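One chain, chain A, appears in both complexes that follow, with chain B as partner in the first and chain C in the second.
Let's turn to the complex of A and B:
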């Protein structure tokens, strides 16, 4: 009936995100990037989110294809367009990795695995609130964007270039106001549910280190070696 | 069970203002107590003193005592209190700590280290008591507002605490969902739980309560027995600023300035929504007169908001053939001519003063002059220097309405403008909406609040499953028809 096993350990997921995040700042060969996309795609499949997995892979392939296409539409801006797509591609991995982690991990399970590696309560509760907050943030952003459209201020590239400060301010002011309120209420609600009880917690949905974790970690190490290898020999 | 002795309280960030004054109150085991009174009267603070959020989470100065099972609450950690008291909050968006429903229901038990066998038992008991098996193991973003609140109540039930608090649990719910909550409250009461509920909507509570406590400016001003409360006269009820206790005999108090010569015609409005929740909006051939105020009713999640968003051009996707005065209006044009007052008006306030807020977006010369008029008409002239985010909810709403008028909107939409409002503020909002209605604009209001609709709208449309099922003039005797259509 109910799924009570969360098959991949939250710590492994956090490790994965850290690796994916690091990849933005270092120049990695395309083969490594592709292998990582395959890995994240597999994880979505394993979680039953087939459509998201397929969508992500298709978008990645489109980005790759675009890089090879020569475009002549905007004149000197063509190069800019290419680098924009390149940036988007580089951010695809960590964003999707974070989405996977967020969708597939109950907040409680995340908390107990952090507890297991002896992270103090004072760190865990805010981290959990933040973790819980991401999906809400998107909702908030959409609402604000709509509100701006009605006042004739749109968050378009044109406006961003013309009045970047105003655009950011109009997004940030309501966003901060509503976020701080929601964050505050979330934490308050959690406190009325005993979130800070120092006793040993028992989670209904459990997560134990499984063969999948071994697989992911081995895969990460293999990719790392491959990355270094390709650098050293500069083959690919 | 709970005892307040000469209790006074003020929040640290509002020093000098006593949020609660001289509260003396005893609540016995198994009692069902209603806290009522205007917004900001101190109901929420009183609940926070029982669930330990004051002073553990919201700091402030307490004098006097609150005893929970004869122990002073000040000596207890909040997690100790949470074993005895659970709380259902107003906003489903910000009370779920987990993203899946099952984990949320069991969260409190998990935190208290309850063993797995017992956890299973409590989960089974909650499923049995509230018939929620279909809602288990779902992403909370897939649920409607009503379903989320059901999960919140189930979570309180699973926690197995003796005391359950409710802080305006039905503010965002439709009639049918409110009825579900009523059934759940009945179940909790039958199991002997001590229940304290703060609420503005009173009609669904009248048979459940044992006592009603009326709070004004932080003081307990009146206490009613169940019988006294149900037989409260209309005059006294209005004097106390309370919502209808008996939901019938609603008086029609709307405005009629329909302009027969100017029409908004929707030949086609289609949109397919494919997200976590899938559904289709499909509306064709309907006409509205300018000058009218149209109430949009229907159950949660049937497409009311999507209709409004598509109509005013916020939602550009989909097909739309909309005409004003026989002229076709594309989505961009419609967006220019429309404004939506959101349920959470906080999203719509961008600037640092009320006056600037009204000027923002009103960039056409023509409308600049309006700002002054609007300030006076909406009675926010004295606030024009104030920061919009520092205002009360009702004032913010007025500023947002003002911004809509200043930008010259002809189509004004309101999304649940009275959710969580007391009688006084609800009537204020109704008055303001009527005062801005004129022959050159048309107003749409999405609302579950019949009392408010009777005070405001002249026409009703009911949206069900993405279609307009009914469209009629609101009459005094429409009441039964409305209730029937919303309840099954």
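Let's turn to the complex of A and C:
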């Protein structure tokens, strides 16, 4: 029998990203940040991406260590360096959370669970397509760049300043033309798979709420309480 | 199911163009974010660049509500990635207005599409609006990320800057829309895409 991984319910993942996203906006104590990193690391382990999880934790620890180090190299710009590292550390969490969600969720599972919480398909399909499309966009950009190189045009800063309108035109026109074609093909493929079929669907891959979801949600609530408590404690 | 409902093909096109719009927004925003004064030109610059994308999208999908969803998605994702909810609500309102402006001009009118793009571009002001609506939160955030100097400069922006930003976004939209219509005529009509 095939050993199947326990997959975490996509809604839980979206909740996780929401929490991580709001964490950039509000001022959170370091202990909350560390425990969130531990949670995301655990999720990477659960998904079998051990290397990514270890890398993330090491990078976080390096950033933390850097905070305490006093640097006297650049003189005036020392403070700037610190704030740069702080910014990188703050953005590490949501970026890694989004990466985890993107890597571990098949589009079909995501769509079926979004359907379950009654989000209209007019929003689900564009969002699903959008996330699928980012890698394609990068590929297209590289192709355009190569084609330009063959004709001896490069997108250097000098050219950008000299002829900005031409630069925008040269990048955007081929990109839009090819993307619109790819979009048509994608729509045809989706139509063949019966995405727009109005009846109820049975899917090959489904995910159910498991003990992991309970664990994540409890963890999030616990962290929330901890954060509020530490804030109150600070005030006293 | 009427003929004018959004079909699967339109929805996929919507997703594709939203992705391009989003990437374009980021590419324009990155170099401008480094100083407050340059950041003030962000709505203008972004409106100009995104003109081609929005115009092409409007030429491709001429159905009601398509533009509303197109305007809604970037705001939603910005909020997910750590902006305040002000951005999402603001962009929803702007997208609704743009949708009705587009309807009143008719879906095929080029002039109407240019004006619609200008109206839609105003959602970019949302990230400034949160400076005024949620000042404390915003200050704390930027102080740590970009230094106290940058943050206090950002907070010290006077309130009259908001209408100026709206107007600059509108003008940028007009320029971008004109440029987009030109590119549309020059390239895409010939190739039979639009």
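Quick note on the criterion: the second predicted complex is superposed on the first by the 170 of 236 C-alpha atoms of A that agree within 3 Å, B and C clash if a C-alpha of one lies under 4 Å from a C-alpha of the other, contacts with A are read in each partner's own complex, and residues count from 1 in each chain.
Simple rule for what comes next: a residue touches a chain if its C-beta (ideal position, glycine included) is under 8 Å from a C-beta of that chain, and two chains touch if they have at least 3 such contacts.
Values in this document were obtained by computation on a predicted structure and should not be read as measured data.
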(request) Using the superposition on chain A described above, determine whether A:169 touches chain B (first), chain C (second), both, or neither. (result) both
(request) Go through the superposed model and pick first if A:186 touches only chain B, second if only chain C, both, or neither. (result) both
(request) Name the contact category of A:143: first (chain B only), second (chain C only), both, or neither. (result) first
(request) State whether A:128 touches chain B only (first), chain C only (second), both chains, or neither. (result) both
(request) Determine, under the contact definition given at the top, whether A:195 touches first (chain B), second (chain C), both, or neither. (result) both
(request) Give one of first, second, both or neither to describe whether A:152 is in contact with chain B, with chain C, with both, or with none. (result) first
(request) For A:204, decide between first (touching chain B), second (touching chain C), both and neither. (result) first
(message) With both complexes overlaid on chain A, does A:108 touch chain B (first), chain C (second), both or neither?
(response) first
(message) On the A-aligned overlay, A:177 touches which partner chain: chain B = first, chain C = second, or both, or neither?
(response) both
(request) Determine where on chain A the residues touched by chain B overlap those touched by chain C, and list them. (result) 128-129, 132, 169, 173, 177, 181-182, 186-187, 190-191, 195-196
(message) Which stretch or stretches of chain B touch chain A in the complex?
(response) 51-53, 56-58, 77-79, 81-83, 85-87, 89, 91, 93-100, 102-103, 106-116, 119-120, 123, 136-137, 139, 141, 155, 159, 309, 312, 314, 335-336, 338-340, 342, 344, 346-350, 360-361, 363, 389, 403-404, 407
(request) Would you pull the chain A residues touching chain B in the complex into a rising list? (result) 2-3, 102-103, 106-109, 128-129, 132, 135-136, 139-140, 143-144, 146-153, 169-170, 173-174, 177-178, 181-182, 185-205
(message) For the complex, give me every residue of chain A touching chain C.
(response) 17-18, 21-27, 79-80, 83, 86-87, 90, 94, 98, 121-123, 125-130, 132-134, 137, 165, 168-169, 172-173, 175-177, 179-184, 186-187, 190-191, 195-196
(message) Could you list, by residue number, the parts of chain C that touch chain A in their complex?
(response) 6-9, 11-20, 22-24, 49, 52-53, 56, 60, 65, 69, 72-73, 79-84, 137, 140-141, 144-147, 179, 183, 187-188, 191, 193
